[in-house]
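Listed below are the structures to be examined.
There are two complexes below, and they share chain A, which is joined by chain B in the first and by chain C in the second.
And now, the complex of A and B:
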């Protein structure tokens, strides 16, 4: 498995879109991990005496917001939250989706029918409404619950995708051959089917990361996601709404961060799909 | 020789919204321990489905009908379920599939794939399984087995891959090896080598082989007995030498006439006219009669089993009328 991760990275890197995506993503992740201790407290108002909404200058790379807080520091701190939510929720939803898709597709019969009817029903409910419902009941959504909620409502499409792939792959000779050999079900599912759905799964993962970052930003923009004073990209855009014309840097900075993150993840996904396709390379 | 595999009145049917078909319709076969039985027939005659039925691996929605019996040694194969069924797959019956290009998983090394069969049936460590896999590779004549263990399928030639497939089928030391068109996808020179390997293993291990093929040419000298299958049924069965000396069913004779000969006078090949009928609507009576050059009015009735000579029988009205004349 370590081998295949290295292989996937190498092939992704070999493609221009993959290389650009990896570089941007690496910068964002490294910045989110390493920069915060070097920056001002995102809640601090060091230049409050000089007024608020100052444009970018030498002491504030991206200017200050309406409370005179450093926008750059807030964007970097917001990245931590956004990336943590995205990583946690996507890991959860992809794992659930892959497992359910694999089992349903391979087992067939009533297990398959049951799982897919459940998915049909769940997909008819808008995800945002589910999250709004939780927020309404709980007043606001704690971070861990946010991750759980987004993760548990995000696997439907993935399970469909994986199931469809499994239905195709299980007809292939090598699966028949493994069955004829007396291989155990669990082994067929994880050793023969799973590696051959990794390509589509990688694409689903990157699309999901983009979705979740946008969803979290959207929730925070609605004031239901990450709560102030914890900085988040969606929350920052919400805060910056009144100043969007007079001080565009306050909304542009988190907006560009969202776009760059989602874009880079999608670029990596595009390259990764080609890299993980067992029929190539 | 004692009987290892006994198939009685095997019927396989497919029922879909589009209709009902009966691609295997009353097959009887026995394979003795240590012998090679060749099952010969055109594409679509039901020979592959017969072999898949033995392993209970029919593709959906295919099913084995009531009244069919498959016995392996003392085991009633059709009554097995779940874990008991898994334990005969690979362990007692090994299967070599036709196309070594698609029958190997592209993402694992061949060593892992041979070891898979060993670990499915014996409680051994991965290292031990790989050692045994290496021994299997030696047995099927793969040079540099230690190096090749780490090779991926796409790094091997077609012949080597088919050897790997045989090594996989052998991994759990089965009593019966079913080889479904094992050489069809290979070059002629490689075909001979693969058949050689199969024959050597059969002798060395006392294993029985059910060799499924459309090619009578590879049967000679390899099989002890031959069963000729047409349209879901066995139409003629005989020890190999007798079948070659005296092919009796018009279909069998047609098969022989379709093979170019290296000796004797040069004459045009006479292919069998028409095509195998569809399993959704078998012809009435003898299923070969619409294509048969010797068709008689009586052929629209179910043909009897007629003895040609000891151990040699066919399902044809000719056998009867010849006796009566």
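And now, the complex of A and C:
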């Protein structure tokens, strides 16, 4: 596992787009991890009367918002929230997708048919609407539940991908011989099939991170994602909407943060895919 | 049984699974659609119980499901909680034209400009324009639609006062304005929302089409066509382009969900009176029959879209019919 992570990083770094993506992403992650203790409290509203909607200056790098809160500090803290939600939700959705795809693909028969019809139905509803349905009946949405909801609505495509790979691999000699030697199903699934779907799974994981960051920002923009006063990029854009003319920096900063993060993640995903599947590019 | 008939049955089954899934997702989440009523002011428990009874929320889950599916089979989506004198059908019907206009425009732009741009880029693979376009589409692909909409409002609408930034019509337009004035007014209002939604969705179309054309360009018959001495123009547009049509059609099926989700954000940024704003309003007021109704409609459109794409693909591509 450690070896394959190192390999993935190496092939990504070898490509220019992958290298750019990794560098931007590293800067964002390091900033999100290390900067917060040095910054002002993102929830503090020091001077609403005189200090609101100030343009960028020496004490506020990116200015202040309508409640006199420091925009830079909120963007950095927002990165923490966005990345945490993305990491949690994607870990969940990829695990679910991999497990269901592996089992359905290897078991075949009615388990496979049932799971795939379910996936067909679920994929007929755009993910945003699935989440809107969940949000519509909830009183309030704590962060853990948001992660759970986004994760549980994201595994359908992954399971299809993994299943298709398994259908191909299970015909190969080494799986046949493992079966002939009497290996248990669990052993075949985890020792023989899983390692061989890790490549496509890694690509799916990176691309899913970008999707989830956009999705979470969108939900927060609709007021259904990360709840205030916790800073989030989508929530900041929602707050800044009325001030787009008088104080454009309040919405530009979080928007640029979203674009940069999603772009860097997608660049890594592209590089990884090209490295693992040299057919295109 | 013919292939088309089986494919239609499958589409119908998919839609049914989606509906069942939606219903249970909503009812299994903690809380029910009425539990928020007491949030803002105290709500007598007796009145709450009466409302629960009225909407059948006190019944067992299976009874509720039956009560939900029966009218649905007749095409009846129920009654709005927020507007008790309106059916969900009438609310949706009122908003549908605006969404069809916006979505149709965006669809048209994607399938003309988007696919052409993707092909054009593929034919120039490795060139400077190819790299520039790749960077541009990757940037757009990473841009949230609601944010792009706001930025366009800021630049084009309020900095330079070029275009109207909200609604479908000018509210100050005189009621006896001629049809031409009305039409140009509508077009001017359409530009910003349509541009926003087209920009964020066209990135996917261009990238997809580029990859599809590159796949075709590697095949043997392209080399044959070139060695036959055909002009590059003919090789490109008559051979490569035509054989990548299947990919374009497949994209149509994949792509509708993207358009629908995008329209929720774009419509709400531009106050475009379509289904997206209806859904956004319904979320604000937790009007779950409206949310449910729009979601059902959306998945019907998605299922139908991918069915039509499959049927058209088979009709256009004789290779699929033989195998």
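One rule holds in what follows: the second predicted complex is superposed on the first by the 267 of 281 C-alpha atoms of A that agree within 3 Å, B and C clash if a C-alpha of one lies under 4 Å from a C-alpha of the other, contacts with A are read in each partner's own complex, and residues count from 1 in each chain.
Here is the rule we go by: a residue touches a chain if its C-beta (ideal position, glycine included) is under 8 Å from a C-beta of that chain, and two chains touch if they have at least 3 such contacts.
On a predicted model such as this, the values are computed, not experimentally measured, just so you know.
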- Query: When the two structures are laid over each other on chain A, do chain B and chain C clash or fit?
  - Reply: fit
- Task: Could you figure out whether chain B or chain C reaches more residues of chain A?
- Result: C
- Task: Based on the superposed arrangement, let me know which partner A:128 touches: chain B (first), chain C (second), both, or neither?
- Result: second
- Using the superposition on chain A described above, determine whether A:7 touches chain B (first), chain C (second), both, or neither. neither
- Message: With both complexes superposed on chain A, which partner does A:172 reach: first (chain B), second (chain C), both or neither?
- Response: first
- Query: Looking at the overlay, does A:210 come into contact with chain B only (first), chain C only (second), both, or neither?
  - Reply: second
- Task: Using the touch definition from the top, say if A:184 reaches chain B (first), chain C (second), both or neither.
- Result: first
- Looking at the overlay, does A:244 come into contact with chain B only (first), chain C only (second), both, or neither? second
- Could you state the shortest Cα distance, in Å, between chain B and chain C after the structures are superposed? 11
- Following superposition on chain A, which residues of chain A contact chain B and also contact chain C? 279
- Over in the complex, which chain B residues touch chain A? Could you list them? 55, 57, 59-60, 86-91, 93-95, 97, 99, 102-108, 116-117, 120-121, 165, 168-169, 171-172
- Task: Within their complex, state which residues of chain C touch chain A.
- Result: 13-18, 20-22, 25-26, 29-33, 35-36, 39, 138-139, 141-147, 150-151, 153-154, 158, 211, 214-215, 257-258, 260-261, 264-265, 268, 279-280, 282-284, 286, 288, 291-292, 294-295, 298-299, 302-303
- Task: Over in the complex, which chain A residues touch chain B? Could you list them?
- Result: 108, 171-174, 176-184, 187, 191-192, 195-196, 278-279
- Considering the complex alone, what residue numbers of chain A touch chain C? 117-118, 120-122, 124-130, 132-139, 210, 214, 217-218, 221-224, 234, 237, 241, 244-245, 248, 251-252, 254-255, 258-263, 266-267, 270, 279-280
